[in-house]
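We just call them A, B, C and D in the order they show up, numbering each chain from 1.
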Amino acid sequence: MIKAGIVGGTGYTGVELLRFLACHPEVCITAITSRSEAGIDVAELFSSLRSFIDLKFSDPAEARLDLCDVVFFATPNGIAMQQAEALIKAGVKVIDLAADFRIENIAEWEKWYGMPHACPELAAEAVYGLPEVNRDKIKRARLVANPGCYPTAVQLGFLPIIEAGFVDTDHLIADVKSGVSGAGRKAAVHTLHAEASDNFKAYGVPGHRHLPEITQGLSKIAGAQVGLTFVPHLVPMVRGIHATLYARLTEKKAVDLQELYEKRYANEPFVDVLPAGTHPETRSVRGSNICRIAVHRPQDSDTVVILSVTDNLVKGAAGQAVQNMNILFGYPETLGVSQIPLIP
Amino acid sequence: MIKAGIVGGTGYTGVELLRFLACHPEVCITAITSRSEAGIDVAELFSSLRSFIDLKFSDPAEARLDLCDVVFFATPNGIAMQQAEALIKAGVKVIDLAADFRIENIAEWEKWYGMPHACPELAAEAVYGLPEVNRDKIKRARLVANPGCYPTAVQLGFLPIIEAGFVDTDHLIADVKSGVSGAGRKAAVHTLHAEASDNFKAYGVPGHRHLPEITQGLSKIAGAQVGLTFVPHLVPMVRGIHATLYARLTEKKAVDLQELYEKRYANEPFVDVLPAGTHPETRSVRGSNICRIAVHRPQDSDTVVILSVTDNLVKGAAGQAVQNMNILFGYPETLGVSQIPLIP
Amino acid sequence: MIKAGIVGGTGYTGVELLRFLACHPEVCITAITSRSEAGIDVAELFSSLRSFIDLKFSDPAEARLDLCDVVFFATPNGIAMQQAEALIKAGVKVIDLAADFRIENIAEWEKWYGMPHACPELAAEAVYGLPEVNRDKIKRARLVANPGCYPTAVQLGFLPIIEAGFVDTDHLIADVKSGVSGAGRKAAVHTLHAEASDNFKAYGVPGHRHLPEITQGLSKIAGAQVGLTFVPHLVPMVRGIHATLYARLTEKKAVDLQELYEKRYANEPFVDVLPAGTHPETRSVRGSNICRIAVHRPQDSDTVVILSVTDNLVKGAAGQAVQNMNILFGYPETLGVSQIPLIP
Amino acid sequence: MIKAGIVGGTGYTGVELLRFLACHPEVCITAITSRSEAGIDVAELFSSLRSFIDLKFSDPAEARLDLCDVVFFATPNGIAMQQAEALIKAGVKVIDLAADFRIENIAEWEKWYGMPHACPELAAEAVYGLPEVNRDKIKRARLVANPGCYPTAVQLGFLPIIEAGFVDTDHLIADVKSGVSGAGRKAAVHTLHAEASDNFKAYGVPGHRHLPEITQGLSKIAGAQVGLTFVPHLVPMVRGIHATLYARLTEKKAVDLQELYEKRYANEPFVDVLPAGTHPETRSVRGSNICRIAVHRPQDSDTVVILSVTDNLVKGAAGQAVQNMNILFGYPETLGVSQIPLIP
């Protein structure tokens, strides 16, 4: 049994962490902090947790996070990089669900996130927490940079075909769609129900913060700098990411893409390769840590189409964080995160 | 470990039964039947179940349901009444999620359901499966009539105040709102997304099949025939029932309604009385077997307003069925049905 | 051709006023003010208006509203009461879409709106702009208090039966449901898509600001103080109000409710009484100024059920305001507000 | 004033045709046919039309469509090709909103639509009704093949850059998203609210009927056979299409794409090129005949991204049909189809 703390638990990744950790047989949640909600019952903010979580938000200044075995940062960008070092020195494992430690190139990080990085040394040490790529490194990590929601869906979709070296990596295209919960639980006009429902739009086409994260990950897989056009869209749904990925085959001989994907993910507990010719839907992973993938080659052209879906709050955030915690502490990887998706 | 069978598992109550039973530590699902889908993998129809359920739909004629310990009917009305008797004779416990055995007055049943009843004797024996009212009878039952979705939310909402004898039971009002999944997973125009979303309407005001079921239940509680105006509405959401209940106080002395409700449900694992002055929301029970209730007396008038929410597919159908199964077989009542609601 | 100004046009009632006035053959919009958006093209904020409205938001201090023939206040509560007097003195007709002039009892207004009233004399003069009740007074008004969205749907629903004196007005019940646009276009957590969609809840049961407005209106119709239980709910849709109204018949002789309603509204251009036995749906009035009503008496009990739907932004706000403007200036009442509802 | 008939008016394109034609100052609707609904008031099926349309569905056998000036086919595929010839011989102009006359290559049509073509000669004569490409031919046509919804959004998006010869037309990509109304108003499981809402998925990746239509149109523009990867998706909204288009620049010298698009569409009443750097949203054209387009070149790479939105039922169907009718009869192109989009 380990003691877990959560910093900044009033957002959607916070309530999801609580949902998973409350059921985890090896975890005891000892603290969840929030400056604004200190003293308030967690279940008062999130009525879904009534009778499941008997805990109050505590003031960050008073919470003894250094006594935890693991601390999750479910905070806005820029917080974890200020607090992680002290915790790590105290022997606490840290999992950051924000972006502070995802980008290795500090100048690049500072450009996209618009602030100086408070702790470049830790950024260098942090392990990017995509288990399907970095499982062994995660096992030995002190600090895990939990991947972003778009980057998880896109990287898992492209991974096998780029590893295999079959496509032109200078012109990858990721047309990605996200539910509105990806924007977080904060007051804003553009994500109001009356604005975002019954509507569809692209955003951030000139540049989105997840672009350098995805490019970094794909470049490592490719062993060379990749070129990526990344277009995110807002879908009038709550949860779910759907990545539609396009790549041009360079390998001229017959390639069995279906077999390639099935083999690559045969031992992955949370990646499900669908039968040939099918289309995953976001609700098929709603509330679960699964990524479902289908691979197509329409009209036998040289353009491959990969469809990859996740729940942005689970495999794209809190679920993957718990998966990483399981790896860090040697638990079975699916422990506490094997909930069945909710349909309908 | 008991063997469970499901008849007619291609609808929403079917997939929900599978979601709960697949996780239930004391249940092995041995058969799920469907005439139209026989031979098809369950997970092909419900992609959410891929890797969780490894079972094919079997032809009703070939499934050995008589070898089960319990059989759930997740069928349209009129099926269970034809097959339950043989199963019961074979020693199988039967839980009917349809309406065949809910109404004691056979003539009334035949009027509302438009067909002759195939098995009136069993209807007389069946126990109405609302544990908060009939727990002891359920324990000894051979056949459980699982309550309808509206009737569950309405009866649990009215129960304490009618038991206490505080209100005029001749003029009860139940203004009830349901998500679209209540209409089932069958092709129809009026429940298309393009028809039902961004829209709200009442329906069935002249008469709805759940009216006699609710009236029967409330009358038993009241010990006399009640008068009820019941108005169902269709909400553009997938899951959830919200009952707004109105009753006029007859008890003139000061009544602590909050205390009344809290006491009545103090030991009920699936009924949660909210703090005074609050409003339950349907998503606070999404995917869970909980009914949350708040009781109000606006402007200190003599009209009491009770708000009661459930997930229509869980406490209003499959979850309550598993709860009833647990009672029938002596398992802890929450076993396998204690999932945390999904927010957001 | 008259000159119209709009104060505070950045909300949903603002964009709706623009939609109607831009098509109105007798209106020229000369100014729309917004402190925060001054200098910005209206069509930049509301992309729907590109190519239809060629106007910039102007600073309230610089707009010459006194040169308008009519000024609409589409502002938060508390603004119009500070500016209306000067405009009226300048000969401008004023239509306030907020609540400043809706309640005659100033103490009551101050209690519900939580501020001192800046202009009680004008509140005494203002005409409550429900044409179906006050058409003649509106014709001669200088200041029109445009009714709230809930009050419009509830009053039109109850009007004929209360006028006829057929019901117990001490115990009226209005169970009312509104789309999320009723909360306005302002950043807030509880109306985020990720919070409000796929969810349903009541709110304000202990007390809602529209209660005194409705009670005042119904009491005038009844000729005596009425008792009303008013329960608003939030529906996961953008537009639309559905009022489900309950009243107990006191008139024992046979009453033809259908005929009563049809006669009362026979000459009303914007009230449509549906055939007996039917149920109006909110989308049937989407984008239009129509109120559709059906009247039921289920199971021949003495409880009457009236269903009344409007578009909260149109008949419940901007459309009714233009209807009032037409009355004020002697135009045909439907001029510029006869758009066909949008289905699907 | 011309006489218009509608064949098969019980679907969404039917109700939209009625919405536009009912307001059109030069049109009198003389007949609307439906085998299943003959004798029923149009307004009984579409409550939005109550008080706007006073017409009954008539039996196709009895309607005197030959007396019309123009007949719209809002029927499933395969109907118009059987009836158009007789009408045209009677001097009636025919506008087919289905796909019968969209594909010139009859063998190709028969392959994708799975039936023999009943009238290849007419298919050869028919004019493809995309006014921005074929305006002059439409003026002289007897039979207009109204474009599909996806094809309209995709062709208008690609048109300027392909005409200019700036891109590699062998590897075009159209990642397109549609609201659920695109599937029509017919009973089906996959478009139920409980299935399609809060969900997102691709479909038809191996092949979709709009692929040959788009390819034919783009090839004509390019003057050579183009290669297109076309991936449609289903969005949980009612109306709207969003096409995200990708093309690789071949022109190495500096190209001002913004200017190219603005110039090409400068005189088009229904195509709106947005300012550089912006993103159109589907609701900005809801209920209107406008197509809004933005063009991007992210990170100055050689991949161009074009965003194109329409209302699938208007510019993608009924609105464009009325636009074509206006062209056929010499009316101003916007007559009766200049409604302002509905936001929110």
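For the reader, a short list of remarks on this structure follows.
Just so we're on the same page, contacts are C-beta pairs under 8 Å (C-beta built on N, C-alpha and C of every residue); 3 or more make two chains touch, one makes a residue touch a chain.
These numbers were taken from a predicted model, which means no experiment stands behind them.
Set against the C-alpha centre of chain D, every other chain centre is closer than that of B. Across the two interfaces under comparison, A-C and B-C, the one joined by more C-beta contacts turns out to be B-C. Each chain gets one centre point, the mean of its Cα atoms, and the points for chain A and chain C are 45 Å apart. With centres set at the average Cα position, the gap from chain B to chain C is 39 Å. Within chain C, the positions touching two or more other chains are listed as 12, 179, 181, 185, 194-195, 197-198, 236-239, 280-281, 283, 286, 344. Those residues of chain D whose C-beta lies close enough to touch chain A in the complex are 171, 173, 175, 177, 179, 194-195, 197-203, 205-207, 211, 227, 229-231, 233, 235-240, 242, 244, 246, 248, 277, 279-283, 286, 296, 298-299, 301, 303, 305, 307, 309, 344.
Interface of chain D with chain C (complex): residues 12, 15, 19, 22-23, 46-52, 181, 185, 197-198, 238-239, 272, 274, 280-281, 283-288, 290, 292, 313, 339-344.
The part of chain D that touches chain B in the complex is made up of residues 12, 179-181, 183, 185-189, 191-198, 236-238.
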